[in-house]
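Take a look at the structures listed below.
Each of the two complexes below includes chain A, the first together with chain B, the second together with chain C.
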Partner chain A sequence: MARYIIRRILQFIPVLIAVALFTFVLMRAIPGGPFDFAGDRSLPPTIVANLEAKYHLDWPMWKQFLSYLIGDDILGEEGGSLGVIRGDFGPSLHFRGQQVSDIIKTTLPISAQLGFMSVLLAVLIGIPLGIIAALNQNSWLDYTSTFGAVFFLSVPNMVLAPILIWIFALILGWFPVAGWGAKPPYLLGFLPQLDQLNIEYFKNAAMPVFALGTGSAAIIARLTRASLLQVMGEDYIRTARAKGLTERVVIIVHALKNSLIPVVTILGPLFAALVTGTFIVEQIFGINGMGKHFITSVGNRDYQVITGVTLIYAFLLVIANLLVDITYAWLDPRIRYD
Partner chain B sequence: MTVADLVLPTTKEKSLWQKSFSRLLRNKVAVVSGIFIILMILIALFAGKLTPYTFAEQDLMANNSIPQWMLFLLPEGAENYAHINNDYILSADHLGRDILTRTIYGARISLAIAFAASFVDLLVGITYGMISGYAGGRVDSLMMRVVDFLYAFPFLIVVILMQTYFKAIARRGGGEGFGSAIINLNNELGGMLFLFIAIGLVNWLGMARLARGQVLSYKRMEFVEAARAIGANDTRIMFKHLLPNILGPLIVSETLSIPTWIFLEAFLSFIGLGVNAPTPSWGIMISEGVQALRSYPNQILFPAIALSLTTLAFNFLGDGLRDAFDPRMIDK
Partner chain C sequence: MRKRLFVLFSVLIVGAMLLSACGSGAVETVIVEKEGKTVVETVIVEKEAEMGVQPVTLNWNYGTEPPTVDPSLATDTTSVDVVANLFVGLTTFDPITGLVIPELATDWEVGEDADGNQTYTFHLRDDIAWVNYNPVTGETTQEVDADGNPRFVNAHDVVYGAQRTVDPNTGSDYAYVTYVIKNALAINSGDEELTLDDLGVAAVDDFTVQFTLEYPAGYFPAIAGMWIVKPMPAWTIDEWGDKWTEAGLIVTNGPYVLESWIHGGELNLVKNPLWIKADDVQIERVEGLMIVEASTAFALYENNELDTTGVPLPEMDRVKADPVLSAEYFNAPDVCTYYYGFTNNKPPFDDVRVRKAFVQAIDRQSLIDNVLKGGQIPATSFAPDGIFGAPPQGTVGLPSDAAAAKASLQEYLDEKGMTIDDFNALDIVLMYNTSEGHARIAAAIQQMWADTLGVQVRVENQEWAVYLVTLQNDTPLVDMPHVWRMGWCADYPDENNWIHEVFNADEGANRLRRVSGEFDALTVQAGREPDPEVRKELYFQAEKILAEDEVAYAPIYVYTIVSVTKPWLVRNYPLLGGNDFFNWTIDMDAKLAAQGQ
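Let's turn to the complex of A and B:
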């Protein structure tokens, strides 16, 4: 197992380098630079040249990339870049004077809190709903929850979020329209401070978490239902019943664990869908998370922020996939990695 | 089954496709969804003939106007600012463009993306997967290594980056040669061409894996052996004998991923990386609707309903197709 994990981690390195290279080259191939305009006025060419020299944009591409990746001192060049490998993603080109790593440090925790609560909601709603539907197959409970799942699968969060705001914030006034309760510095780097963890925090979080989590809950519910139905038809379930075990023990001890294996495999793609969701949900609810910042940077052509945030996303997705594979092996002893 | 039935088969044996199709017709939700989708396709095709307005036509006297029957949707105190105009039956947006017309044209974009992305996905994915599965050995493992490698890419972000790049290139426009011909065609299509390319290019991986698996399970079968015995070459075996057998499950899986393409287009348009203004897309209209939500919640309603109903219909139809074509369901 340990060897498998190490080998997988080694496989990720070329993927991450390829993502970095792809992003880096594409962003610099875009016509028009980040210093074309200051506000509405175009900058004089000498100032542009100076700025480009300051940010090393006049270097050949391969050298810029290496400087970005491993840092200037290893290259033997003048310049302050420590490189991505030491956690330095360079300065933001649009927000002058800000470091990309600082931007990530303040915005990623918010997205992480939002994402974590959404996953929690999805699992807490999805799995019980799937189990109820499967155990009452072809009853009204089954039909209702199956239909509900398809419905929430089909209503995208860009529709759900404004409708929630309209009904629960604008008409009923139960929840605030926008914003996020926690502010930096964060506990352990990503959790909200305990004194910020009040009713206001959860009121702020309720609608975005719901808008982001229901789609995933629907996917989990459908999968749990299908998989539990399949497991309940297996021979060993019949054996367990024949031994005289109660139905509760048969389901909880024998059926449930095996039926959750396919559910675990979907968590990787689900995580990716959640990332997309944060772009939209953070935009609509005015939450200052990494998704919103990424979209803003795409508009601003802030290469450094785009490349840095892309790398963080790629890293997180790769880690998520690894965790899924490990959980998979743990749940199903027939799978052995060597 | 009586003895007479066994001796004298009264009906001709139906083909697998016919059986699946009749199973599909018994699924009422799927049939209704199918009819809805056909209706949407017709609306998209005849978009220009259905309303007296065009999608870009601005009536600045009517901006943010609302018809009488929708007034109940507005918040309290709306009588102070609401501008009633019954010419636009689903109201007009902040530039005085008819929302009904724009929603109808939005169907054109969504469905075009859905079908074009599916087509590219099937074409590239099946070709790649079939070659890999049929060739086997080293070629197979190399081709699958490439797929595994690309799978680890965060494809959504790749699409965002590619669209950023494409849009910047398209903005520059002009020039001569092949590149500019493509750019001009893209601008002509309201920015759809690059959207097809970006979405299609990165999404064939799953299809390639599926097609490969299907080929692997069929290529050792007797009918392939028989075809080879009578002298069919590899190309003929692949496209004449294997393809018809593996196509069913692949098309079903593609139908189930159509909502993903529709969401992706809406998502890209929402964040401003989709089609070019003033071409309407449901994603752009929803994004504009969010801006106007506080004073004019009526504006977001119809693009939102259209987007949700279309994906709902594709999901129901896809589920129905999967149930109908599932080999485990046969003879039930």
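Let's turn to the complex of A and C:
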């Protein structure tokens, strides 16, 4: 197992370099550079040249990429870049004077807190709902939970979020309209400070977590239901029943664990996607998360920010997938990695 | 066991979420004396007003993270707003008349140097302190120099600011506005024979600064009020580099100081007690959010969490119908013009009759009433009121006139021996940058052209940065749309910044691809002319030629700032835009009462 994990981690390196390279090349392939315009106006060539020189965009592409990857000192060039390998994601080209690492340090923890709670909510609602539906197949419980799942799956956050604000913040006044309870500096770099972790924190989180979590809960519920139904038809379940085990033990010990494999499979990417931030929910609830940077940095042609947040996302994705694979081995004894 | 802990933890979190939904009070742990014993109790308390004196606080939404608050680097309205509240300029603009008035400079005179170059000499006041806010102590203190003397803004700071903007290593987007200053263009272009000391700005003495210009520019006092030439603190910038604008490090000299700045989240200002007119500044604290979503900001406003905000288009009808909101609604003209450009050398728009037909077929008022709904002002010429040299509203340009439009197009068709179908076969393209608002406007105007002229226009859109590349005047003509949407806002309130910089075929952006002619000579002449009255007349002629004789573009409307403001906030709408918090006032008692505190 340990060897397997080490091998997988070593494989991450070329994957991440490829991701960085693709993002890097794709962004530069789009017409328009970060300094061609300021607001409504195009900038004169002299100004563009000054800015491109300042940020080394006048270097050949391969050199820019190496500078980004390994740093200017290794490359033997003048310039302050330490390279991604040493945790330097470079300066933002749009937010002048800000480092991409600082942007990530400020916004990723908020997205991560929101994303983690949403995944938790999704699992806590989705799995029990899926089990109930499967065990009561074709009963009113099944239909109700399936209806609920389809409903929350079909209502996009763009619609759900403003409705939540309207009902729960404006009419009932239970929750604040917008904002997030935790502010930098964070505890251990990503958790809310203890004095911020109060009822107000959860009040702020309630609506965005609900909006983000319910959609995923619906996916999980439907998967759990389908998978459990399939497992219940397997031979080994019949064997378990033939042994005279109670239905409870059959389901909890034998069926459930196996039926969770498809759920765990989607939890990996879901986790990575939610933890790195979601554009719409963060924007509507005015949350200073990382989600916005995936979208706005493209419009701004902020090369460094795009590559930085994409790398973070890719990194979390490969880690999450590794965890998923490890969980497989635990869920299904037939799976071994040695 | 571990599983149980996990379940317990989860239940606690969900429980907390549910609990939070049950009451509006806050759960607090309090220590109480009960029957002689001290016990700790958790109680739900209704939030009482904390009896301490609340500072007069403005709750504001910047709408976005300001990309910078460095005066040399600012380009967008958000950054410029913050800079304007933190830093003084040599001159500033009267909020009502829009005229240049003294700020750091008490007065100035025009002269000539030995080589016959025009000079502007500014005499500075000597009592504006450089200050720094300490976030730990919450104190604003005056900067001191190496010898322990308090620092006041002086001529050397102005010289440094201008040099820093022109320095190519600074990478200032707006450095091109300073090219009127002697040698600025050469230095900014990296001319190695020149140093920053060759820039046409010098401290005559500690409180007198002189600018030498490349060519005479009657509008220079307006440029002197712009953020890029504000005095800047050399010692702080040298010490901290790019980080100098962070809260705690930044050294400023304006009505407010930067209290805190969480990038992407909030930017808070507090009043500068050492500011020369501190007694006139009533708002002591500005809590600024960066809510991008207009509907969320509006919800915050309705919840009394913002004191003023913009009105999103979908809410417009409700706001106007609601008795409370309609009383809080206001629209103020903004110094921006929305227009459609024609590619003047692309057939059939190389013919003035076609351009004229397309301009006069636009029913601007109907567009404003039915699509824009924000009280925008129909524009028939380029620069709006408030810009020096702008023709009075409606005195220049072609009004909407369906009959004239039809006749004009017919004349063209007859001469070319074309039918309207032949004309439509030319596949005329109207392009805009991707946005819901521009799409609505394009659809409405497309319909007006179809109804009035019978022409079918194809509408396309491109993402902003791609769009700007498309519109560059070296794009092959075949890829250029015939008609394209663009807007212009004032950098400084002078026609030179408008028709000259945008449309002049020799010295301006010239996306219209016009051929240089009488108009172009006029705007050059007007920029160099010292007599204000003559300048006005020249610009009037220039606007007239462009809008009436050449009909080179279609001015559509002047933007408005559409907002709602709580009754306890008294704010102004400076003629030239911007938000000068130091001129606003708040009735804090009324505000707290409304918030239920």
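Please note the rule applied: the second predicted complex is superposed on the first by the 312 of 338 C-alpha atoms of A that agree within 3 Å, B and C clash if a C-alpha of one lies under 4 Å from a C-alpha of the other, contacts with A are read in each partner's own complex, and residues count from 1 in each chain.
In the analysis below, a residue touches a chain if its C-beta (ideal position, glycine included) is under 8 Å from a C-beta of that chain, and two chains touch if they have at least 3 such contacts.
From a predicted model like this one, the values you see are computed outputs, not experimental measurements.
Overlap between chain B and chain C is detected when the two structures are superposed via chain A. Of the two partner chains, neither chain B nor chain C is touched by A:Q137. Shared-chain residue A:G97: touches chain C; no touch with chain B. Residue contacts after overlaying the shared chain place A:K203 against chain C, while chain B stays out of touching range. Shared-chain residue A:L153: touches chain B; no touch with chain C.
After overlaying the two complexes on the shared chain, residue contacts for A:Q230 are found with neither chain B nor chain C. Of the two partner chains placed by superposition, chain B and chain C are both touched by A:I30.
Of the two partners, chain B and chain C, it is C that touches more residues of chain A. In the superposed model, A:L51 lies in contact with chain C only, and not with chain B. In the superposition on chain A, A:L170 makes contact with both chain B and chain C. When the two structures are aligned on the shared chain, A:T265 is found in touch with neither chain B nor chain C.
Taken together, the two structures place residues 30-32, 162, 165-166, 170, 177, 283-284, 299, 301 of chain A in contact with chain B in one case and with chain C in the other. Put simply, chain B touches chain A in their complex at residues 75, 149, 152-154, 156-158, 160-162, 164-165, 168-169, 172, 259, 263, 266-267, 270-273, 283, 286-287, 289-290, 293-294, 297, 300, 304, 307-308, 311-312, 315-316, 319.
Those residues of chain C that touch chain A in the complex are listed here as 10, 13-14, 16-17, 19-21, 24, 26-27, 65, 67-68, 70, 73, 75-77, 168-169, 171-176, 185, 188-190, 242-245, 262-265, 289-293, 295-297, 299-300, 302-303, 305, 463-466, 468-472, 486-489, 509. Remark: chain A residues 30-33, 35-44, 46-47, 49-51, 53-55, 91, 94-98, 102-103, 106-107, 117, 120-121, 124, 162, 165-166, 168-170, 173-180, 183-184, 198-200, 202-203, 205-206, 209, 283-286, 288, 292, 299, 301 touch chain C in the complex. Chain contact summary for the complex, chain A toward chain B: residues 12, 14-15, 18-19, 22-23, 26-27, 29-32, 150-151, 153-156, 158-159, 161-163, 165-166, 170-171, 177, 272, 275-276, 279-280, 283-284, 295, 298-299, 301, 306, 310, 313-314, 317-318, 321.
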